[in-house]
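Right, I'll just put the structure down here and ask away after.
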Amino acid sequence: MRRIPRLRRPSGLPSTTTNVSRTTIQIQCRHPSCQRQRPTVTTFSTTFSPPSLNRLYSSDRQQTPASSSAPAQEQIQELQPRVADEIISAETGESLDWADEGLTAAREGPYGAPPQRVEAARENDVADPSYLPATTAEGLRKVGGLADWWYRPDNWDVTGDFISFRPREKVVDPVLIEAAVRRAVVEALALREVGSDDELVAVWPMAMSKSDLLGLLNWDVKGTEDGRVTLGGDPSAVAEGLRWKDEDTSAGSDDLAETLTSEEVSALAETWHPSWKTISLTDPRIRFAVTKRVFQLTGQLVPDHQLPSTTTVQALLRVLKKPPKSATLNEEIQKRHPDLLELPNVTVAAKRVTRGDKEKALGRFKIMQEEFKKRDIPGLGHGYARKGKEVRRLKGGT
Amino acid sequence: METRQVLRPLGSLKHTTPSSAVTPVFRSVASRRHQSTTSRTKKALKLPPHPDFLTPQSGQNHVIFNPPAAAPSVYHTPFKFLPKSDPRRQANLSQLLRSSSDLHTSSRSTELPPPMSKLEMRERKYNVTKEQVEEMRQLRAADPATWSVLKLAEKFNCRPYFVMICCKASPEHKEMENKRLEDIKSRWGTIRTKAREERQKRKELLLRGAL
Amino acid sequence: MKRIRIGQLSRQWLATTPARSPTTTTATTTASRVSILLLLSRPAPAPTALHAQIRCQSTTTAITPEAIFDEPESKESKEPPEESASSHQANSPLPSPHPDKALRSAKLASLHARLSLSSKIPLPTLARALVDPSADAHPYFNNANLAYVGASRLQYHTSEWLVTRYPRLPMDIIFAAMKSFAGEPALHRVARSWGVEAAGAPGEEVDPGYLQFAKDKPSVMMHKWGYARAEAKELVKYKWRRGMSSRVVFDDPFGNTIPPKKTNEVEVSDARNTKELLMEDAEKNAHANFVRAVIGAIYLHCGSDTTKTFVKSHILSRQLDLSNLFEFDLPERELTRLCDRENFDPPVARLLSETGRLSRTPVYVVGIYSGRDKLSEAAGANLLVAKRAAAINALKAWYLYSPGHVGLPSDTFAEDAAPWKPAYVDIGEIIS
Amino acid sequence: MTVRALERISVGQNGLGAFILQCKKMDIHYCDQSGSSRGMNAFIKSQLSKFASLHPQIEFAVSPRPRKHPVLIGHYINGKQKSICVKNMDSLQVLKKAELLRDASGEKTKRVNKPITSINESVRGVWSPYHGKGMPV
């Protein structure tokens, strides 16, 4: 089963309920993509200071370093706090303790700032008399530079990554979808049983150990004809599970428990009472809660134009289980109409049949290539010939 | 051709039945529209069918053999050319006997058309003996100018064609004759020479059956 | 047909490889039989993406590999002819598409269906029929053998049909009629009417559905049954006259002389192709060879009666006005000799009707009568022309006599055929 | 004096002896993205396999032609082409156009005035003024 990252709360989403205080976000990133090794970052000064402006002038104007650098210095000082505030206000985290990296340097927000500019000593400040500044570039070694600083991934911290509400990959396996739908229905109805209706529209944490999940799925959910639903377990425990908790759940134990293999689920599916599919979802709050939960768990979004028609779980399943529409007709033919490919007198091409293909099939292509070679015209493409005037004029060329 | 004549009387009997068909009414020429398109010509040519094609009152249908007057096709082999073993010859024999018998009685009712020219009917005389042929050759060889072909034919009372078959003039004479002809032809103008060339072409075309 | 003495013939038919290698061949009986083995025992193809193609086929003949490799490496067949025993990597591109590419070519499948060929004829055979010897000199992969078999069947059916349908045709006219039905120009049109397109140049990447031939390379002219005359060279140099009866014996069914053969090799063989004469019109020859190869393939796979119906429906159903083929020299004399020979009354030209005798455009209708029977009639601008035309018509009427739909000798091949009724055989044309 | 022969070539008529369908290839171009090609895509998915199996003698080349309207191009034995743009048509209309291309021959559509077009000589013979009994005036 795909690993559903146990995110406490999608960072980007402003939480709808007012009472949730902006507690500090414990980011346990289980996301495989962010398990990168952290290169040992050399210690550098944490204060972000914009590139100092005093060395902008060419060397011959150095005689007035003091005056020019002083105003520049205030500028920098005054610049520095404002910039820092902006960045910090975007992020609520204070210095984060990287438990496992042991990186001593605290980071300002989600990125590592480039190091402070180090200036070489001036010619006359150098104590060694034999020092002679180089006049040409040969022999000098290129050191440092901030060329690709912002493109190196290790300067960016995962905290900056956007944690989305839906999982990164869509769950396509129909069995898993069915399990997710069942879990969503059970949770929604449990909340309805417990009576905390406003919870229905809240964001529910996904964290649930495998055993609880299996237990939840095993509930004997039955939908009777008159619409009443009997849940097989006690709803309060589930409702409790759906509230955001503050305790710091250890990262290790959960990440394995999450994966539900489709075999297990399909084994479970037989035990389910078929009538659970007749549970009606006509109540909009329930339907919204279920579809929201399913979208959070599997990434499958019920298209808006189909929402009104999903009155029962069966309809919902039918909408969700439909395989994704194939992008190209060629793909569709290979999947759904292989008989067209077996016909001896039919050729189906995946790409456009160009003039070159036709000439190749006719055997004339190699002759044309020879003729081009004789007249030293490039065999393929335009070679030296510029694009046609009309094309350039269309594209606004002079 | 033979078979067509024999069947002709059958066809002509049909015409005697009173043709009750309405003769097509001809509108005055002025009001008639131009037959400039196919549909107009078709409408104008839409005549009532000939009575032959209407089924007679007696109801039983009949064969109409009324071919247009056309050049006989070379693929219709004349009766005389049919080989003995040909089935058509046996089938036709009985009719031939019947028609030939009444021929004698009706004193050659179908008179043969006149010969194309008197030459056709000439009798071959075969009156020239070998010695005369030898003599003719000597005369011709001795003095082709005076003893021309016509003179020799007159002398031996035979056709000039026969004289040309028997004796050949000496090369010099032929040479001189050709030169004379060349002189005549050189005097021809463009029109006459072109006409003669055309005539030569037509002869070749005729031989190829393409005329 | 080819100048092949009977002795040499059997060896040629038996030999599956170039005759010069003195090999004993055990299993195969006819040269065309090779193509069956060729197809049945073709190993699974190397994936086409693989640049190096292995085109080998196993034949049960005990051909000693050395015999193959001692053969001089002819320029055309860049890759040495492989045998199953020694399939090795041929890095140069193949001269013609790999036989197994035929199974995937839609153009070939549609051509196969268009000719409504029976399913017994596999697609690779049709693909092979499309490869001219000038494109691929290797005898196992070009249509020379098939075309040879097809040519003999085609000419047999055409000549038989002509002679029984028009027994009195002069020999020259029969030659011309044979050429107009089964000759190169006619077969070129037949192939084009089947929708066969010519490929720009032969090669491995060409779609097997195209007809592949090379204009600059020598190909194989279908030398039909015939012998090269001893005086062949002089005939060409001094333009000696060839008697008509000598043509019947020596020349090919279309009356053309067989050019003097350069070497005594077998007609259709790999080495032979290098010295073959260059076609004056390679395209027509390639199209014609394709049609013959299809007929050969049908004969090979479906038997003779299917071949006969195929030839009848595709070739003999074409229309030809035989009366246009005649060119007379002295028709009046020939007609009198005819009547004399058949002891009819001597022909007399009679004037049937005339019009405009004094006008600028007179018309005379002259009929020729032998005794009381009218032989023919014709119209002309003057009396002599009319008489000559009438004589020509009379002669045509004589020559073009046809006993109608009489049975063909090949009908008796069928099991339930009726006993053979002798067809009418004419005494012959008037030779003066 | 013997007869000499002239060179002639026999003339074949399609349908006499053997019928060859004139349409030999049909190019079917569609586009995945464009809306006008929706009908053509449906035709390819639903009708084409039946149509192609009914006519094995026609070669079908299905290939995408992005950013262009869907088109059916018929290639004929006389080398000519006929193309029909089937934009915004549903699959049955496209099928009808395909049948139209199948039945067409390469020739341009021409009005046929005479019911019979034949190269045979007429069996009864063509009237000529010089033969027969002459016209009774």
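In order of appearance the chains are A, B, C and D, and numbering begins at 1 in each one.
Rule of thumb we're sticking to: contacts are C-beta pairs under 8 Å (C-beta built on N, C-alpha and C of every residue); 3 or more make two chains touch, one makes a residue touch a chain.
For reference, the UniProt names are A = Large ribosomal subunit protein mL50; C = Large ribosomal subunit protein mL44; D = Large ribosomal subunit protein mL43.
Remember, it's a predicted structure, so these values are computed and weren't measured experimentally.
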Given the touch definition stated above, what is the smallest step count connecting chain C to chain D?
1
Based on the averaged CA atom positions, which chain is farthest from chain D?
A
Central chain (by mean CA position)
D
If you average the CA atoms of chain B and of chain D, how far apart do the two points sit, in angstrom?
46
Approximate Å spacing (C-alpha centroids) for the pair chain A, chain C
74
Computed distance of Cα centres, chain D from chain A, in Å:
57
Let me have the rounded angstrom distance from the C-alpha centre of chain B over to the C-alpha centre of chain C, please.
39
Expected list for chain A, residues touching two or more other chains, is 344-347
Residues of chain B touching at least two other chains:
71-72, 208
Got the chain C residues that touch at least 2 other chains?
106, 109-110, 113, 324, 326-329, 377, 379
Which chains touch which?
A-C, A-D, B-C, B-D, C-D
Report the residues of chain C in contact with chain B in the complex, numbered from low to high.
323-324, 326-329, 331, 344, 348-352, 364, 366-367, 369-370, 372-379, 383, 385-389, 392-394, 396-398, 400-403, 424, 426
Taking the touch rule as given, give the residues of chain A at its contact with chain C in the complex, in rising order.
344-347, 359-367
Residue numbers of chain D touching chain C in their complex, please.
1-14, 16-18, 20-21, 24-25, 56-61, 77, 119-121, 128, 130-131, 134
Of chain D, residues touching chain B in the complex:
6, 111, 113, 121, 124-134
Help me check something: in the complex, which residues belonging to chain C touch chain D?
106-107, 109-111, 113-116, 170, 172-173, 175-176, 179-181, 183, 185-186, 189-190, 192-195, 209, 244, 312-314, 316-321, 324-330, 333-334, 353, 355, 363, 365, 377, 379, 395, 399, 429-432
